[in-house]
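Several structures are given next for inspection.
Below are two complexes that have chain A in common, paired first with chain B and then with chain C.
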Partner chain A sequence: MHHPRLRKAKSNDLIAAFLMVSPAIVFTLAMIIFPIGYALFLSLTKWVPGSSVTQFVGLSNFRRMLGDHVFWLSFRVTMILFIACLLLETIIGIYLGILLSKDLPGQKVLQAVILIPSIIASVAIGMMWIQILDPTLGFANYLLSIGGLKPLAWLANPGTVLQSLIIIDVWQWSPFMALIITGGMRTLPSEPFEAALIDGANKWQIFRFVTLPLLRPVIMVAILLRSVDLVRFFDTVYIMTQGGPNNASMTLNVYSYLQGFNYMDMSYGSAIMLFLLLLVILISLVITKLRRRMS
Partner chain B sequence: MNNTKRTISLVSTITIMVLLMALVSGCGQVTQASLNGGKTNKQSETITVLAEKHPWTTAIQPYIPEFEKQTGIKVNLMILSEQQQRDKSLMTLQAKSPDIDVFMSLKSLEGLAYEKAGFYEDLDKYIRDAKLTPADYKVNDFMKGPFDGERIEGKLVGIPIIVEGPVVFYRKDLFAQYNIPIPKTLNDLVRAAQTVEQKSKGRIYGVALRGLAPAVSYTFGTFFHNMGLEWFDSNGNLNFNKPGAVKAIDTYCTLAAKYGPPGAVNNNFYQSSSLFAQGKVAMEIDASNELASITDPNNSKVIGKIGVFPIPAGPGGNHPTVLQWGISMSAYSQHKDAAWEFIRWATSPDMQLKLALKGIASPRSSTWENTQFKASLRDATKKEWAKTLEFIMKNGNPEVGPPAIKEAAVRQVIGNNIDKVMLGSETPQQAADAIQQGVTEVIKQ
Partner chain C sequence: MQNKRYYVGAYVQYIILALAFLGPVLWMVSSSFKNNVDITAYPPVILFKPTLNNYLNLFRVYPFGQYILNSFIITGFSTLLGLILGVPAAYAIARFRLNSIALLSLLARMAPGVLFLIPWYIISTSLHISSNDFADYLSLILAHCVITMPLVVWLMISYFESIPIDTEESAVIDGCSRWGLFFRIALPLSLPGLAVSTVLSFIFSWNYFLFALALANNATMPLTVIAFNFIGEGSADWGGLMAASTIISLPALILTIFAQKLLIKGLTAGAIKG
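Coming up: the complex of A and B.
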């Protein structure tokens, strides 16, 4: 009781502090913890439309998952799309990003134009590419025919559907990677570059031994952001192929949605979603570890 | 003292958090209350109608203010795309929420699952009550096929609003040029498609039909039924182990893979109608509703050259798939009488005639006999279209796919295996076996 005023101030501070963080806590509880908890609950029960009776079934949804060949197929498709898109988007993103950071004439216009694909809603992009890739009416096959090449079935062939999806995703998201990298380029100090020039380094050497190492933290952030999105590959696939033909483009996210909503099996859908969540966490952990080790 | 204060601050923090949560979750109701708050009249009720973005919705929307004026019931029309509308209705009804009063529902897809779940209000009692349903509603005017399609396990769960079915749209000019008679049998249909490809030297494809797995059953069903097969035999076993099933798959896939456009395996109505409207195919097998898009002056190059006939008969006769959309009442609605008033108004003989004049195929026979409606079928295409639809309604089979609670999963199995045949990775026999096994497994789940 020696410093009543001080103590009073302290406890008022405490209330104020709680008040200030409480929206964040409420938000986290309502939007993150609760849905994950509920998904976990659903995955351990048998969900019956119209019934509010809970019937626990233990791990049987997860057991079913392990024996479901479409699940494993969609896991494979998800990983192929993830690795191929991430690799291409990173390489093209770095190249474009460095190009955009140079003060070229028309640079501002170019930057605005190449960002368009990342801004348009994915549903619209899906509809647009359905038309471009239509085997009979599409622009893509028209281009091939001008070049004297044979037309392709693109999305309608299990052998080419993934390549088509990769092309679309790279077209859509490389500019986004480029934007982050351009931002990074602009913050780099000019001294190391000048020093390298004085030391007689050529362009490749400057890129390899100066630009890339300095950009590494930015690139890792871009990769991390993109990876999480890529593992959850959904909208364009859902619009264009619904996982077809014959499950050749089924991603985990699409499969889970189909199971949950179209086949009205929320429990199994939730189990797949939890697996996807685990996958996302694992991948971001690996990338974060890599990032720490590099810096 | 110190501890007490800490406790007090903790308690107040928790209280505030709880209040905040209540605020967040209560937001919806707050807005609704303030919306209704404007009117003090106790009789004014608001009902929510959940509709799909569908030609029927577009056609009826302008008349809704009339209904509001007549009855004093406010209609909150919520329009979503098909799958989103289905997701929304499933989630709302699963939560036993009174947020939806009337909703569009496709009985051939979710009907059995929703009925088992208890989502549908029984409409028989409203129809039978003379106070709720005056005689001028003319229940017996509804055609048997679509009206029975709204009955599940004996219970009336909806009222039909529009009828459709898969038909064959064809190019009259090409048929005349290549001297092709209108196909009378499924074999004729294959021959017609073949002739087009041969005589046009591959410039024009024979026929566009559905390949996208979840959508195949709708057009494939007629091929299956025309082999003389129902989806299930009298013991409730699936009929895909019969020779007719193999023949149906073979015919369908021959059309798609040999005489269809490349990539038919991914096509739905959207792609097929684009191909037909652009003059790239001589026939299109798809929903009768597609007439609107293939005669759209902005996109179509073939207006005035289009004819329509039913999918031809097979060895087992002709049993076209007929599909009706209906509106249903939620069992959890708190404005059931007002909801029924809306349903009755929207499906009255008068309104269905008005909608028919805007191109919505009516499930009431009086509409089709109406002179005003007949006069509206001016051009030859429209006349053939109407004749074909009447044929479908009289002979139709309302089961788009084998009825099951997991209907969509069943149709996916059928679609996937038909696609494998189109892609050449399975024979029709293997596909029939795989469907027999796969669908039986889904039904057991």
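Coming up: the complex of A and C.
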């Protein structure tokens, strides 16, 4: 760094750096930070459509949340979907990821096939599954009948709607976990595996004591990325059930959307969203902490 | 013998998995070519005489070409704007270690969409944006840019970080300015990153459902919202629904065939280096 041109470049660098980041920062302030601040402001007021008068109500929107049983129900549904989907997607993702990391002919084709559910629009996902899970003419009930089982109402029954949504989400997102784990498998050193083979370890022991510990950092990142999306569960629920039947599939994100845009209660909707933002941040901090402690 | 059993076992799993993951998609596509009788038949029919009527009806009954165009306008411009804003920012963040700014884009990835949507909606209604199609397109493009820009920043930082400092320093000694470094060295060396960012931004913006649901008017509606409205009509026009969802899925299917590598790189970025 002693070359004179390098030193002169340094001061010009600061100006260039500023010019490079400032459009993105202005955009972020206007479209992301300001709205979050505005939502915070809304959550402390009683917003009336079309009225320009703002009435401060303090924390009453948050107090209402504590006494609102649909809010607690949707908190519960959000956590059930989050934990069930994350668990299943991680397990299936690890299985799929390891299977795909073996270089067999056709591996590329299978990888392309499982990629499809994760990159198709959720609206299309929702529509294809509404048809498949249709109680009277759906393919799912046809499969059940072949197996000699009774037909289910799937999305129309409060008792099975969450299981249906979990199946769809696992179908849609396990491949995402699998792709990350396949990528991770390719970066692993081969020596530990060879050493384990020499020591006479069986397949399960190799998986449990070599593969899994080596993969742990990658798995934790995959869990972190997936968690952030799962806590905000919205698209497929809104498209297929809108929280029904009888609020049985109401997630926090859907509930706040309905409060804001169906009942035009933007203030209460904002309060729920701020709670959800805190929940997302909290969960990602916990996972990041776990990640650090493990490594 | 051991080897043969291993192969058979692996391929049995391959076939079951391919059926499980592709089955629902194939069912959607095949249903879109069924007539009204075949599509409501029970037990479901696998073999049938295909018809294009579901597709033709979409264009006959609705201004479907306009919806497709709307999707392309919103997706195309939000991808472009995301790149214009995000790529230089990612370069500066990578070169000058502005990690706190990178955290800002992380916030955009974590915040639930409705949180932005409520303020945007209030502001855009008070400005009567939805009564002006041009302004409405603009608001949708900006909204989708909240998806694309942080994604571009997130993806590009690691590509710029992987360019060795020495390459740039020798160019500086040759009289290259910081902008010259950016345009003549960093950008050409990170073309793969730009390709990944473009493809992933495009598909995420194309698929994104929530913002247009609240912000689009009847003339600016993208495919995702109109398809959702079909379900709400409750007419149970299964063929039309499946044709519409097949059309929405086309970019994803095409990219899977031609840009599988880029998609996988983009989806797994941040978890795996290289």
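Basically, the second predicted complex is superposed on the first by the 280 of 295 C-alpha atoms of A that agree within 3 Å, B and C clash if a C-alpha of one lies under 4 Å from a C-alpha of the other, contacts with A are read in each partner's own complex, and residues count from 1 in each chain.
Just so it is clear, contacts are C-beta pairs under 8 Å (C-beta built on N, C-alpha and C of every residue); 3 or more make two chains touch, one makes a residue touch a chain.
Just so it is clear, the model here is predicted, and its values are computed rather than measured.
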In the superposed model on chain A, is it clash or fit for chain B and chain C?
clash
Can you tell me whether chain B or chain C touches more residues on chain A?
C
Between chain B (first) and chain C (second), which, if any, makes contact with A:Pro23: first, second, both or neither?
both
Does the superposition put A:Ile32 against chain B (first), chain C (second), both, or neither?
second
Once the shared chain is lined up, is A:Phe62 touching chain B (first), chain C (second), both, or neither of them?
neither
Tell me the contact category for A:Phe193 with respect to chain B and chain C: first, second, both or neither.
neither
For A:Ala222, decide between first (touching chain B), second (touching chain C), both and neither.
second
Which of the two partners, first being chain B and second being chain C, lies in contact with A:Gly269: first, second, both, or neither?
second
Looking at A:Leu137 after the superposition, I want to know if it touches chain B, chain C, both of them or none. Which is it: first, second, both, neither?
both
Please work out whether A:Phe261 is in contact with chain B alone, chain C alone, both, or neither, and reply first, second, both or neither.
both
Based on the superposed arrangement, let me know which partner A:Val48 touches: chain B (first), chain C (second), both, or neither?
first
Selected from 109-117, 127-135, 163-171 or 253-261: the stretch of chain C that, after superposition, runs into chain B
127-135
Check chain A for residues that touch chain B in one structure and chain C in the other, and list them.
19, 23, 25, 130, 136-137, 261
Help me check something: in the complex, which residues belonging to chain C touch chain A?
7, 10-11, 13-14, 17-18, 20-22, 24-25, 27-28, 31, 40-44, 84-86, 88-89, 91-93, 95-96, 98, 101, 104-105, 107-122, 142-143, 145-146, 149, 153, 169, 172-173, 175, 177-179, 182, 203, 206-207, 209-210, 214, 223-224, 227-228, 231, 238, 241-242, 244-246, 248-249, 252-253, 255-257, 260, 263-264, 267-268, 270-274
Which bits of chain A are touching chain B when the two form their complex?
1, 7, 11, 14-15, 18-19, 22-23, 25-26, 29-30, 48-52, 130, 134-137, 151, 153-158, 241-242, 244-247, 258, 261-265
Under the stated contact criterion, what part of chain B meets chain A in this complex?
1-2, 5-6, 9, 12-13, 16-17, 20-21, 24-25, 83, 86-87, 90, 93-94, 96, 110, 113-114, 116-119, 205, 211-214, 261-267, 270-271, 274-275, 278, 280, 405-406, 408-409, 412, 416, 419-420, 423, 425, 445
Listed in rising order, chain A residues that touch chain C in their complex are 3, 5-6, 9, 12-13, 16-17, 19-21, 23-25, 27-28, 31-36, 38-39, 42, 47, 96, 99, 102, 104, 106, 108-124, 126-132, 136-137, 139, 142, 145, 171, 175-176, 179-180, 183-184, 187, 218, 221-222, 225, 228, 232, 234-235, 238-239, 253, 256-257, 260-261, 266, 269-270, 273-274, 276-277, 280-281, 284
